[in-house]
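Given below, in the form of structure tokens, are the structures.
In the two assemblies presented below, chain A is common to both, partnered first by chain B and then by chain C.
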Partner chain A sequence: MRSSLVLGLGLLLATHVAAKAELVVGAVIPLSGASATQGEDQRRGMEIALEEINAAGGVLGKPVKLIVEDSGGRVPSALDAAKKLVTVDSVSAVIGEYSSGITIPIGQYLVQSGKIHLNIGSSSNRIRDLGATSFSVLGLEAVSSKFAAKDVVAQGWKKIVIVGPNNAYGQGMASGVKEELEKLGATVMSTLLYTEGQTTYRRELQQAAQMKPDAFVYSAYGKDAALMNREAFELGINKTPWYAIYLSMCTADSQRETVVGQYGMDLNFVGPNGKAYEEAYRKKYGMSFKTSFSGYGYDALKLLAAAAGKAGSAEPAKLREALIELGKGYEGATGTITFDAGRQRSEQPYLTLKMGQNGYEPR
Partner chain B sequence: MFDFILHVAIIAALNGLLALSLNLQLGYAGLANFGQIALFGAGAYGAALAFSWGFGPFAGLLLGLALVSLLALVFARLGRSLGADYWGIATLSIAEILRTVATNETWLTGGAQGIGGLPQLFGFDLPGTLALAAAALLATYLVLRGVTQSKFGLAVRLLREEPQLAASLGYDLAGLRRRVMLISGVPAGLCGFLYAHYVTFVGPDQLFASETFFIWAMVVIGGLANHSGAVLGAVALQILSASIPFAKDALGLTSEYVAAARLTLTGGGLLLFLLLRPQGLLPERIGSVRA
Partner chain C sequence: MSQLVFDLVLRTGDVALVAVALSAAYSLVRFPNIATVYYATIGPFLTYVLARVGLAFWLAAALATVAVGVLAVVLNATVFDRLLRSGSAIAMIGSLAVGMLVTAVLLVTAGPDSMRFAFALSPPQDLLGARVTALQLWSMGLSSAALLGFALILFFTDIGRCMRATAANADLARATGIDAHGVIRVITFASGVLAALGGICLSLKGELNILMGPDLILPVFAAAILGGLGNPLGAILGAAVIALTEVIAASTNFGPLLGQAFLFLPVNYIGATSFAILVLALLFRPYGLFVNEVRRV
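Our next item is the complex of A and B:
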């Protein structure tokens, strides 16, 4: 016991030496726990960005340093990590987390400590209230919901069933899309939030099919998405149109034949920067995007490096000014990033896609 | 660095409250509560609900204590007709049911998005928060030590060792369990309240069953039926858990190891102690009752 305490203290001291001039960025993301799939994907995005930045000589004449910490999907561990990054590693900025429930407390702490916070995974509208040094690189709920609802109604579908995971992401997505659909005159017949990690979703699917909607609007990821798509295919429920919010995330793990014909929207990864990023991701990890979250990690780190280069400093206050300046139209892998007055991404270009026999097709 | 140490100390003190609470149930009374995190949740949601209805922290504390007492009575009521093992399973189910309710009753609890923006007690003053948490821990320690050194404490141990003998001697087993649950509910609820105001957010992700086992690990590693042991276990696990990221930096490991190391610490630590040193770091002192 005593020896591990001594070891712990020794390690605390050993890591306390950090040079001031270089850009040191921290990240708090879920590498274990319920959201580990998305967290790992966020890390991949940041890793690709880090390699690109440092291959090009870094910023401020030095390589950028990225310290990634696991939140475990738990608030106490995430706070431990954020406080360690700020008070021990003296980072200028922290990127993270994924769940709104964790992003909010760590964001509040970072703002109170005067550090830059970049949200790359949470879409709760409450993120807007975090404070002066907090930025969102992804559009909050309202932005993607509005786009998807408009696209769904444009297909002539009026009676909709919404399907999503029963977590912070799914609940936010479902309520946002419902609100926007109803504004456009469509009817949401039912909102079906499933418990993640089940061995079958037949009951949920059959229940949803009984409503006989014009279309299903869904968002799902990982094994749950693959299983649901396969079972919908087996039950013949895929005869009704399915509209995916983030089509690549919803279908990445699914067998192609079960998802052909699905409609959807996705991040714009065919723009000049997006295409290059998609290729870098495929080359490094040997697959297409696992979730739609890696791109935000990539953009966040690139944006910070650009801001440090522009400001000629890694001071949070100067980074903030530079971020606001860059946020008037920064070309990222997820499209043009424009911050509104509240430092949130105000609009985001999305793609409208359809799944064909040979992959995603633009509509 | 100093702020980080204060933060680690605050969380350690709050964990200490949960460990003391579980220790009274599990260590002294032999009540294997697998739903301990729900008692914490009652306190945390008490604070959050009062805040969302526009009341101050004091009302939140009262609401949290009312909820935790109610839940403690429900747990105790279950124990009347169930054997110890089955009781443990029932507590786990109740905790899971409450988590499901918290996830789905969006109108009340904010659903998976939780309730955020609670004010921090003492503004953003870490030393003040630490003083409050430490005072709560010390008070709980003294009260529980008094309780277990009383005649009631002896009866509770008899309930653990020989329930049938206790019944034959005229002890009201159901009444004993009820009092144990009510007494141990208070520090758990208090911890939930303090935690909610410290992290300023309450959500269902804080109530996963794995959190209960984290508390179990503190008590088993520290020493069952020893108050100092429970506190020591809570402090040791928090320090170890908080120093894993430093070990990663110093040894140049990738961040995946941190995730794995933290899980190993709880599960592996629990297993090692159960196998090799079941009495924990500080074992129970037999004959320590003065009454």
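Our next item is the complex of A and C:
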């Protein structure tokens, strides 16, 4: 009786240890909704990373497990997904989401649950305040606003109307860009925050057009942006220059004709070490990168695997220390990833682009 | 300026079709049927599905409108007619419940995302200074034709005379041999068709999603009540008033009043203008702008 009990206990302990040793990572990304195109690209990046990691024998002697959940682009379903990953799948870390308005609540939940959170697509400055176990592998908006404002002013545009979604990302983007533009001597005539998911944006566009700015500076999620670009084209408002913050996010779903000639900036998604990744993506999906966001998914998972290997454990607390250590200069596909004291990527290279007939053209 | 007039006409067309549908049904079936605005959601969704299957858009739209008309008749016979025996308030709440059910079914089957018809991009044309696309013109033509057709039926055909007679005095109409039930079926069918067409016209210009119907409740009810519930053609004028206030509210620059260069009403609050009109109408003209002697509500 006693021996069987001890044996049972031993078995239980053994399976427990084994379960802990395996690295299980969750991802909450928008596979449906307005940003589905970007979400799918994030997933592709993670999938390639997963294949590479497991082809090389995995981590901690076991293959890494990745569980991807669809956020639907909505906060409630994203939170449900994050809760499921933590309570049912017992993940060590969760990667996601895309939109800041969703990344912030799931990040808060994950930090409270003591899990690692890796932001791979959101740039609101409020992400910095999520807490001790949250990391960003892409530069936040403080970095991007400055870059975009300088680029806009360099085009000679002085009177600007800013357009963005009425959520954490849009509000932060609009106020950040406004501040930086005004520092450089440009005038922001108005800031127009639109409600996401509408069936038409004609009225917003007509209001914006009445101000007759030198240029519109905008940032909008995939399908909302597509409708807005189409209606701007139909109203002839696209004759005024449009400058997109994250050009690939704003134009990936749009009909080419409606966005040709747009200026923009975007994340530099291929660093010096990214060629092999670019090649792997092209080989697997038969096309070049659909958006600029896949590389961040790839880097995030690779970084987590490296951290688990370094820590020799999948425990969130140990992963955190390893991530901070690795983040002193990790060579990722998207360039060198260096975390500042707040665990946010401190240096983020950007690209200046223009939309041509055949796609993005460097300026 | 001409752009404003054009937008006004476009918006009037969208609201008018559904408001006329609501008002026409009310003239015979005495309760404000909230499900009418949800018919305006089902119409474009059915069209979308049929067009995806491979039908030509116009055929798909025709089939969808007829299907919604039949649905309206069936719902009226099976649900609303029974509820109406307990009172018009009960029937109205019942119609709201049916509407919510429609939204829930669409949410599960079609999902929350916006969709759009696969028309080629049409470059804008200059029409007397306004920028107009072919689809907008089609939508405008479609709604005008539907409204005109309905008016012709109402005033120049036997069935139209029967409708008006039954609406004015059902007992008397029955005594003269008019088949009241038949007339009710016809007008319910027509109301379903008009509402579905309204939704299709609306989605032709932008996109369609499951919130189209609920978004129409306020403007449509405000327009129908302004025109006098039960007075279908009054609803067209009601819709024009609503569209006018919406267009003015959306395009007026309030900045100079407050010492700023530009200040526009956020587009989300523009729906509040129809709410304001609805409240004003209920307070001061509850029987509509055009009625003094006959109580219609």
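Criterion: the second predicted complex is superposed on the first by the 243 of 363 C-alpha atoms of A that agree within 3 Å, B and C clash if a C-alpha of one lies under 4 Å from a C-alpha of the other, contacts with A are read in each partner's own complex, and residues count from 1 in each chain.
By definition in this document, contacts are C-beta pairs under 8 Å (C-beta built on N, C-alpha and C of every residue); 3 or more make two chains touch, one makes a residue touch a chain.
Because the structure is a prediction, the values reported are computed rather than measured.
Colleague: Pick one for A:210: touches chain B only (first), chain C only (second), both, or neither.
Modeller: Once the two structures are laid over each other on A, A:210 reaches chain C alone.
Colleague: Just chain B (first), just chain C (second), both, or neither: which does A:335 touch?
Modeller: Once the two structures are laid over each other on A, A:335 reaches no partner at all.
Colleague: Touch check for A:255: first (chain B), second (chain C), both, or neither?
Modeller: Second partner only, chain C.
Colleague: In the overlay, answer first, second, both or neither for which of chain B and chain C A:72 touches.
Modeller: Both partners, chain B and chain C.
Colleague: Is A:32 contacted by the first partner chain B, the second partner chain C, both or neither?
Modeller: The answer is both, since A:32 touches chain B and chain C.
Colleague: Can you tell me whether chain B or chain C touches more residues on chain A?
Modeller: B
Colleague: Regarding the shared-chain residue A:124, is it in contact with chain B (first), chain C (second), both, or neither?
Modeller: The first partner, chain B, only.
Colleague: Have a look at where A:84 lands relative to chain B and chain C in the superposition and call it first, second, both or neither.
Modeller: The answer is first: A:84 touches chain B but not chain C.
Colleague: Now for A:189: first (chain B), second (chain C), both, or neither, which partner does it touch?
Modeller: Second partner only.
Colleague: By the touch definition at the top of the document, which applies to A:227: first (chain B), second (chain C), both, or neither?
Modeller: second
Colleague: State which residues of chain A lie in both footprints, the one left by chain B and the one left by chain C.
Modeller: 32-34, 36, 72, 74, 193
Colleague: Could you list, by residue number, the parts of chain B that touch chain A in their complex?
Modeller: Checking each residue of chain B against chain A gives 1-4, 7-8, 11, 103-104, 106, 111-114, 116-117, 124, 199-201, 203, 205-206, 211, 236, 239-243, 245-247, 249-250, 255-256, 258-260, 262-263, 281.
Colleague: Please name which positions on chain A make contact with chain C in the complex.
Modeller: The touching residues are 32-34, 36, 72, 74, 189-190, 193-195, 197-200, 202-204, 206-207, 210-211, 223, 227, 230-231, 233-236, 255, 257-258.
Colleague: Provide the residue numbers of chain C that touch chain A in the complex, in ascending order.
Modeller: Touching chain A from chain C are residues 3, 7, 111-114, 116, 121-124, 131, 133, 202-203, 205-209, 211-212, 250-251, 253, 261-262, 264, 266-268, 270.
Colleague: Which of the residues in chain A end up touching chain B in this complex?
Modeller: Those in contact with chain B are residues 1, 4-5, 7-8, 11-12, 14-16, 31-34, 36, 43, 67-70, 72-77, 79-81, 83-84, 86-89, 99-102, 104-105, 108, 112, 124, 126, 129, 166-168, 170-172, 193.
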